[in-house]
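Consider the two complexes below, in which chain A is the common component and chain B and chain C are the respective partners.
Our next item is the complex of A and B:
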């Protein structure tokens, strides 16, 4: 009985942690972008104010069932994903629900949030949303391939299909997978900016081109739910990368440092680059990242 | 017990604080004053430090920024956009053209006083107002929001018949629904 109580408490704590850390990451990235552009920039807690304000807005738009469900779908998928990613190596609270085979499960569940967004955006009937969704799915076909290849390579190489299994491999051998299987890491790292949708891969929600794409008809509470979900999901993705390639983290400070370092890579790349077109983005992902994915597979098999 | 005046006051304070510090603007930039928006948002004057941020669609926006003269043709679009925005929403009239017609006061196809057609919360005068003036206008709007006085959206709802009558006087070929909410 006590075990279940701890699990539930751990789940709640993890969700709150993911929300707060994800929100602050968003704020820091806005601040850093501003400093690079020689501006002062908003305070780092600006994203909290935005979410709060959007929650207080009234909503009088009705587009049917899927429009209401989409933000809830997204946030529940983010939290579900969070539940299967071990946040800390071994703690009482933050280990969550792992089982053998959860990498395969994660591969599926990580795209479910985008699917909900696609369905919701489709039901609004806005042409910008439809274009945004089609671009998003195309881009997903791009970056999922090197990412899946990297993970499959790791699964073959270490004969485990669970995240905790990979973490154990790292703690036993003492080196991070980043160094012991470098090609998989390079492939996954090159695929990563596509997941975060900063420039040059912000073709989905391009503000001036598509009027923010899929979310163009979502305002108020819907948008605030989506922002919350987005920040939780950013934390999840970063934690997953840290778990798999950088040996996980034994306490929260190490975790925050590692994930923040990793997070800076798409953000900084984003500040210095302009937006790709859809086919340029897909061509990028099917170029060097997929090449390194192949090498990783070969490296793993022999 | 939870709905009494004291707790409502606390909620209002939090609400107004959040609203004040996070303004998503939608710039309706057909007037010549729109050229002052980019310098306001970019490095030199950096409006983002006040929590002001551009938004792409009316659904997400809080502030409608009308930058200068409005032709009767574009008034129709502005009304549509304004009514698509979600409450609470604010309008900033930017430049003398929105106050009294400015240098287009005797033009045959521009409106003179914007406030007759849409409830304006803050006017920024000048032809065209410099970025400092624009930021001063935003700060003024923030003050009004803090005091709970920026309630143009409420006034618009209450006096909808009057506003609609005024709008229809100007727009002769009204081929859209009466309300775009």
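Our next item is the complex of A and C:
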């Protein structure tokens, strides 16, 4: 069973890679935000220290079943998503389960993590958590629409529903989809900050307003699991964007360069903007991004 | 004896036995109901011969009963869900009066559904359809709540559907001289376009009312939420599927064969619009029953869309969702019933934090909600995936966006349902609540197990769907136990998904539980980080009122238009008309005499022009 052994090793390595890269990105974003605000800021490895510290903390309180499994739900969804997203183009080692899922599947599994977290947050009974969840789900309805429009446009245009299929299209034609289907790319790009929840879309956690919202009652191992999940998920989302629109990556360095460039966009936008109200955020997503989504659909269909 | 006749006799006999059993005494009645609930499915699964037919002639009409594979698929829904609901009812209806009527109507509606699914001619179809409608009507008004409003709405819409169907039957008889369904299907191609459209659309109307397609959905929210929950799970789970059953053969066997796919396409659009609007309505409900009722309408919208598109994958998606919807909506209505019984209310603004009191109920609700939302490891995802892929393969991109909008917004009410009833702050008011009785829990758990299994092995359902689809003209339907494939050859292996989720979940479960869980103290929901404010046990900290206010603000431009309003305006118009009529028919004999004289005078004056002499 050499195959299975390789598979498991590959899966574990992919997870570690995603974790490390995602954590460093978090650290960089903190540093950059601090420099823009004329502070020194924490070191880039600060997030690692946070997770490690939380890992060794004793769990002292629990609220019951749903609270206990919410972080697990989140991380199992993040890692499962990672398994289905192609990390590199040739995919000799990081193949995982790339060929067992397609874009519709990814769309669904990507929203599930937040639903699990929402349930966990709800079970603690903290009203701030509930408010955060209400906002988060509402915002999700907002940004999913242009994002799905962009993806459906691509799927109809290139007659494939799998990520690997779209990557093949790009490697065969030699142009990235962001140039050959520009409207879909614009719609997806405009929808992207909603997924990363930096300002002005940080209405879920809403520092200094909701006391960090849904995660406010999670501490210790729970919080460290959630942070791990969050950084893996950030990596997954960026990789998916790179795979679909920017031709994927042939090696890790190219991957890191591309994803980091993409990641800077919500971060830098966040540093210079104030927070939206929930309905403003949804209206933003149903405005220009959806308009470009429509154009993308029309461009794809005719 | 013929096994089909015996099946009908068993159900009818069961209805009578439980009626008289409950007339004599409660325990005897409950034992009878339990026995009937076991006997019917056991008989159906082991003894019924699906190749047998019965035919008889009543006053010149040839009637024939016999299963086909398509009917058998829907019969399976009825035969699995209804007995479980009956068993659940024993616990749920314990304190109610008039139980004899309840079980009688319940079993008669099962009889009606069973009969519809094996009718091969229009006469028996119509008779059984009416049996089903009437027995369900009796259950809608059973609790005596809002009879004026919901009961009449249900009755009026059912009547519209039934008369449309009757008219279609009459026209068909005039054209073919036969009442057999097969004769109608056979001669459909030879009809004029007008007859084709007229008969088909009248039949569609009849079926669409039962499956609550826009704009005929108005009866559904009230009827679903006013019926005793034990029956609502069948009402929404199985009875509404009778409409789907009919839509399936009309759209696919008739219109698609006659190159009138446009009808199916219009129907698919109606389904998509229904899904979106009903989902938006569901989000803003604060009564859990109403929420589920609207969600049922939305889910039926997906199914109608799947059937309407009419490709192999989309019909498969529609039928698969029909089966799954029966399972998860069955569970959810039972859950609401359990909450209603134990806590006394289903208003999500009032009740909260029941998860610690009713853990099993919560668990089944969670499983059902995951399936409803279409979360990948469970069965619901399979149906959603097939529906999306079939729409994308066909290039119906706007419909995909509509369906996606609807199912993303569905997460909102899915969460609200779980949060409103089970999560949130635990209030003193609900300290007395206890877990529901095992006789109510076990049916819910059994259905949840089904939902868990279909997540990894949807093939167990596909098998019957593929057999059923041979009757819709799709032979050699391509299906695999756990790999889903679309028309472009892209696929999802749900078993891999399941494995991945379970492995990661278990690994982290061990990690997070090991050393720590035991030492952690379980604290109450009043013990939260509240920036130094001391929360007393009686303080109500629940955030549930207007839970999705921001979303409401976003949608406020659309929410103004409610279809209900148009019907009400129409009703008001009619009322004014009848008011005017009442002025003419005063009830005074002398006035009538004047009318007669005036009428005769007019006849005399215009006799030349009217009669010609």
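As a working rule, the second predicted complex is superposed on the first by the 299 of 302 C-alpha atoms of A that agree within 3 Å, B and C clash if a C-alpha of one lies under 4 Å from a C-alpha of the other, contacts with A are read in each partner's own complex, and residues count from 1 in each chain.
By our rule, a contact is a pair of C-beta atoms (placed from the backbone, for glycine too) under 8 Å apart; a residue touches a chain by one contact, two chains touch by 3 or more.
Owing to the predicted nature of the structure, the values given are computational and were not obtained by experimental measurement.
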Touched partner set for A:102, first chain B, second chain C, both or neither: second
Partner chain(s) touched by A:49 [first = chain B, second = chain C, both, neither]: first
Chain B versus chain C as contact partner of A:216, first or second or both or neither: both
Touching partner for A:137 - first (chain B), second (chain C), both, neither: second
Per-residue touch tally on chain A - higher for chain B or for chain C: C
Chain B versus chain C as contact partner of A:300, first or second or both or neither: second
First (chain B), second (chain C), both or neither touched by A:62: second
Partner chain in contact with A:207 - chain B first, chain C second, else both or neither: first
Chain B versus chain C as contact partner of A:41, first or second or both or neither: first
Chain B versus chain C as contact partner of A:264, first or second or both or neither: neither
Overlap of chain C and chain B interfaces on chain A (superposed complexes): 58-61, 211, 216-217, 220
Residues on chain A engaged by chain C in the complex (per definition of touch): 58-66, 68-69, 71-73, 75-77, 79-80, 83-84, 97, 100-102, 104-105, 107-109, 111-112, 115, 118-119, 122-127, 130-131, 133-135, 137-138, 140-142, 144-145, 148-149, 152-153, 155-156, 159-162, 165, 211, 216-217, 220-222, 225, 277-279, 282-283, 286, 297, 300-301
Interface residues, chain B side, partner chain A - complex: 14-15, 17-19, 21-22, 42-43, 46, 48-49, 51, 53-57, 59-62, 86-88, 181
Residue ranges of chain C touching chain A (in the complex, touch as defined): 353, 355-356, 359, 362, 366, 373-376, 381, 384-385, 388-389, 392, 395, 397-398, 400-401, 404-405, 408-409, 411-412, 414-415, 418-419, 422-426, 486, 488, 490-493, 496-497, 500-501, 504-505, 508-509, 511-513, 516-517, 519-523, 525-531, 541-544, 547-551, 553-554
Complex contacts: residues of chain A adjacent to chain B: 30, 34, 37-43, 46, 49-50, 52-54, 56-61, 128, 207-208, 210-212, 215-220, 223
